[in-house]
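Shared between the two complexes below is chain A, which has chain B as its partner in the first and chain C in the second.
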Partner chain A sequence: MTIASGRSTAPYLDLYARRGGEPEVLRARRQEAIERFEAAGFPTGRDEEWRQTNLGSLLRAAPAAASRRPLQGGEAARFLYPDCPRMVFVNGRYAPEISSPPRQITAVALAEPGAGGDTEAVLEHLGAHASGRASCSADAGVHPFAALNTGLFEDGAAIVIPDGAVVEQPLQVLWLNAPAAPAAESGGDTPAVEVSFPRLLVIAGENSQASVIETFAAVDPKAGGYFVCPVSEFVCGAGSVLHHTRLQADATDAFHLGFQHAQLERSASFDSSSLAFGGGLVRNDTVGLLDGEGSHCTLDGLYVIDGSQFVDNHMRVEHRQPHTTSHQLYKGVLDGRARSVFNGRIYVHQAAQKTDAKQTNRNLLLSKSALANSNPQLEIFADDVRCTHGSTIGRLDEEALFYLRSRGIEREQAHAMLVYAFARELVEKASHEPLRQDLESRLLASLNGGGPR
Partner chain B sequence: MLRVSDLHAKVEEQKILKGVDLEVNAGEVHAVMGPNGSGKSTLAQVLAGREDYDVTAGSLELDGDDLQEMAPEERAHAGLFLAFQYPVEIPGVGNSYFLKAALNAIRKARGEDELDAMDFLQLLRKRAELVDVDEALLRRPVNEGFSGGEKKRNEILQMAVLEPRLAVLDETDSGLDIDALKTVAAGVNALRSEDRAFVVITHYQRLLNYIVPDHVHVLLDGRIVRSGGSELALELEEKGYTGLTNGSSGD
Partner chain C sequence: MPTAADTIGALAERDYEYGFVTDVEQDTAPPGLSEEIIAFISAKKNEPQWLLDWRLQAYRGWLKMVEPTWANVRYEPIDYQSICYYAAPKSDDDRPKSLDEIDPEILATYEKLGIPLREQEMLAGVAVDAVFDSVSVATTFREKLAELGVIFCSFSEAVQDHPELVRKYLGTVVPRRDNFFAALNSAVFSDGSFVYIPKGVRCPMELSTYFRINAMNTGQFERTLIIAEEGSYVSYLEGCTAPMRDENQLHAAVVELIAHEDAQIKYSTVQNWYPGDKEGVGGIYNFVTKRGLCEGRRSKISWTQVETGSAVTWKYPSCILRGDDSVGEFYSVAVSNNRQQADTGTKMIHVGKRTSSTIISKGISAGEGQNTYRGSVRILRSAEDARNFSQCDSMLIGDRCGAHTFPYIDVANPSAQMEHEASTSKIGEDQIFYCNQRGIDTEDAVSMIVNGFCKEVFRELPMEFAVEAQKLLEVSLEGSVG
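On to the complex of A and B.
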């Protein structure tokens, strides 16, 4: 027994040893990933990239494979947009009976035999990007949770948009968490967490256009005790336009450590919005690789948190070719004792002349004990570039609050109006109307749930 | 309607109002004049219920109700309206959305039905026409990027929509061109009635040619040192405040 048993990788390696198996072609990649995970171990407070993310509560919990739980009728419905083709996963496993994948593109579950999840294109990309070794700048290191996902994902979605295809309707991928009721088995003071490893791969063919909405949600928002560890990879072919929305509405005491990675070829455009309302300990690592001349990525986000929620967004955008542009706008609304970290690294390679990079992080603190951290990091090795960054941490404008109240608007409503005004641009950029309405009502619900402030 | 007695107020430990008495009856228009820094806006903000202004002595009553017991929004529900000297910019909140929320909050508090979008829009259009506010301003965020004059007109538009019983206009005429001044005055005059009252804070006698007051008060160093009819404004114009204090301040 070592002192560091609380940070031991052993329980996770044990999950690996007992996993159900995988297609032959994946075996080597998995093995390699799990070895990398084992070698790296869990990050500690001494690890620069993880300094502000306290993993203690997660690593003290004993991981268990996610339970198999059939959905009761309608449990998924409230998270679905009726007009969208969809793929639904429950505890990381595909639920074909409530899924309706689109027809004109390949959208298959990775674990479904013969469905096409083992085609060459899929296998070529799967894990090649998020593995934490390939294609990242030298100092990026290994992302242990991405490696863990590669080693352990049971199922996932592979979406291949053919060259030139224009897909109007967004495809929704719902990652639903429904942990079994906590059993008495986990004796002592070691809580158990069910772990799932959602995996998404989107390959956007040349000059294709499509939208993908990922939704992370809990069947019972109060039943936490689970750990979701997703990886999403986006491979954006030349001239493609890909829109991505990531709505995270997990249970407020769930662990959510996600990794997303987009690689862009010439003139490709990737626009992603990440909206976080749920989760207790949340970390999102987002990587944008502008690998083709003239490519553009927009990485936006919103976090609206309360209580003891913690949300950490770690961004890395790499400009590797000339004439590439990137825009990041992250806004946070923090109440209670909530804490946030925004770490935005922009890395401009020497070859990437005429880079235009913009990064903004704005935080609104609604309580005395909420805390926001914002750390921009620019590393620029080209000389003809335009990079701007700005971050603000502020409180509600008391003068504006008084002005609204002096016109008869109740304090609570005035408060909500001002917070909504702060966050709305990130909700309103959603072009799919049912999605926009969903985001709006989630934002309003989280503003009205706070009681007197 | 409004009764202010021996009002003392301070801001950040600084005494600003040092015993203000003011009584306004329904149907009346009162003008309050006084040099910069004499406490006019402080009086207005205290009336509207601004929390960082401390009332240390005296009383404020609206229709017999103690205003100090009421939150700012409750004062608005009771029919009080303050046109701010410096209207606040509120990015992200649409002007017409804001006005609808305000009107419906007041109606709801009074037990009246809330207006639906159509009815509200109709009302808003009419009022905007009355005070000559461009429709483009209604679609923009509240006061954001408005010119000085546009902000003042927007205050008057709010007044015209909310139809308060007691409106306090804090230098609404400052920064207005002559046509705008006339429009604002016309807006006020259109609302004048037996059961409404106005307190008009101004530096310029000019406004009082258009909104003829029943009473004029001079606020000096936190006190009302003189009151009179509309002729007092003319006297001030001529002599200035120094002339006035030398002449007739009795206390």
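On to the complex of A and C.
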């Protein structure tokens, strides 16, 4: 097999060969995943699922294992919510000195020996859902980056919520990136990227309730040149209620290719919000499997991007059982030369009668050079269902602007007010007050960065 | 009162009403595709050298292409070497001058199809360019149109009589290497229709062509070219039925429309080719490339289609809105019953300023049919204040069919406004019950509800077609309510 130059999987396979210690029992699963990755190779523009995602700049860069770097005092503090129990990972490795995991549930680092990361429940599920294997319908294919993560992750968080437990405080998992200064690797033109593979597994026991906040951030927002390739798996037991917020605030020239997978048992509810502000090349693949009767899943998202940022959200919700419901609401604010892709697919199996699925994508273009792509898709094999999708792309309403101006509000301010009004629905959703305030200030900051055009 | 299940049974048994084969002698090329065959077709039709070269270049391009697999349809691979690429009724050498001279058997065929040429001539005021297999055998109302300067003739005649127009416009909207099936068509197209509406002329009647696939093992490769000069208007109807037969037949047509400044083209299709039997055996493969170019300012192209036939449909009538203020419209009803598969939709490419497009698509799936809407709306950076509205509704009848929607929306201009909506539903038991209560039997109730569902599209059809379309829908669907 010939591989076009720059698309070779070899450097990543080399990382696999050179990886350090790993939880012993995972070896077989990892081997299987890396083989699948090798067989699939990197996707190209010819793959329908990756048609609009140009990986060129990432694949031209030479991958290097993430450096080990101790945190300077207080570097992580501004990303943490003070009253939340937390687990902090720096460059994909656990930093116990600044973490304070909760006591009443199991929340452990996978690589920490003897911490409980090798309990039966964890091993049963870890990599079993999102190993990159076609975990849903046959045509979903292999997700190469999920397979790569399964093959290469060094550390991660496993959270097990016992049956019936109700956890009041959200648990924060902070994935902090602090790449070493790009000095050493000056051999040739190929830029080097430090790669980290965050891994999260959440197992919600029967009738349990919890919320998890994932934060992806860079210590220095200007120091990009890193590649973060996270995988999160959520296993929602019967009757469980799991809230998930995913705040992505990476450096503006970082690569972020993530994969999330939620599996829902009977009457389980999974509610996820994904908020993307950072990253240069960002792609998120989210899979929701409604595997139990009466289960419900909400996948919402907001992306506020500028400059030459690119954000691609791929969603796949599978209704496999009757009486399942799903909602998706994605909103985008695009400025500069930013580009976004929304690709949501609702797949209703023949057994899933009485499905109620709704999918909405709204995009606001603030500049002449921004580009929004929206592909909401329905595949339906059952007849007694209600499925709708909607998509809009447009700019700010001139009349609304005029209304505000006529009441003496400055143009810039009126502009910011309207954009804020467009996006706030997704920020207000956050029920944890410090989180909501954080999201709000990030949204406002990104609006004040530019003015009206 | 018969139960829904009984009705399904009875109607599922119903055979294809228009299935029969007429024996007419054919002058047929041997099966297979090669440069020789293309030269044979070209010679047979007495074509100029430039057209032969054009065909051969398309063929050479086609050889390097691979058959597309992205569509949501499954079918047996096609052996392109087992297809006959040319078939013409024997009477080609001495073309009939009027209807009386036409082979009575052909006339009888039309009679069975309910297209009485004479009646149409008198009653409907429709000029019919009837295509029997590949060569036109009858054209009516030609003189009347000629008075206005309208050219309405078969494609081969146009090549002989108006080569300058054909050469100027052929392949300008659908390039000969546009896609696999368009390239195949460009290489071997047999005949089709040619329409030219001169400046400022409003075509006084609906122009219509009835297509008919008849000979065994002959693919139909129609080529239609419609040119509307500045300020003109034309409405063109295309309708088709085909006889029952067992082997899959390939149909790869190309339709090109060009609308100049202030011109309007309305193109309506009712497609009812043989869909295969209940097991999905036989049936037509319909791989069509249709595209219109709104070249001039304020031009308008409107596609309306009612797709009830064919085993596999692969068809995306598109509009390129290049002129400022130009308008593109797409209205579609697609029905897939039994094992039919339809992957259809449209592409609206907004280039000019203040261009607008409307897409209304209604998909109906019954039995084990699979119905896919696949559409693309692209608003380029130059398209200031472009506007699009899309609505795709699906209706599922029965629990073994599928309805799929794959819209692609790419917007590169912030002043654009685009909206897309889609929904999926079924015929509610309460709706049926309501009708039953008022003395309407289940079958009529279904027919009524489906017709209501498709109303927005039928409204766009010319009157004669609207009637036929409703009838077709009833034949295809009645009683399949689950």
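Rule of thumb we're sticking to: the second predicted complex is superposed on the first by the 445 of 453 C-alpha atoms of A that agree within 3 Å, B and C clash if a C-alpha of one lies under 4 Å from a C-alpha of the other, contacts with A are read in each partner's own complex, and residues count from 1 in each chain.
We adopt the following convention: a contact is a pair of C-beta atoms (placed from the backbone, for glycine too) under 8 Å apart; a residue touches a chain by one contact, two chains touch by 3 or more.
Being a predicted model, the structure only gives us computed values, none of them experimental.
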item: Chain C versus chain B on the shared chain A, clash or fit after superposition; value: fit
item: Contacts of A:Gly390 with chain B and chain C, given as first, second, both or neither; value: second
item: Which of chain B and chain C A:Ala400 touches, first, second, both or neither; value: first
item: Partner chain in contact with A:Lys354 - chain B first, chain C second, else both or neither; value: neither
item: Partner chain in contact with A:Arg93 - chain B first, chain C second, else both or neither; value: neither
item: If touched residues of chain A are counted for chain B and for chain C, the larger one; value: C
item: Lowest inter-chain C-alpha distance for chain C and chain B in the superposed arrangement, angstrom; value: 14
item: Interface residues of chain A shared between complexes with chain B and chain C; value: none
item: Residues of chain A defined as touching chain C within the complex; value: 48, 350, 353, 363, 365-395
item: Residues of chain C touching chain A in the complex; value: 70, 379, 381, 394, 396-426, 482
item: Chain B-facing residues of chain A, complex; value: 397-400, 402-411, 413-414, 417-418, 420-422, 424-425
item: Complex contact set, residues of chain B against chain A; value: 48-52, 71-73, 75-77, 81-82, 84, 87-93, 98, 101-103, 105-106, 109, 141, 158, 162
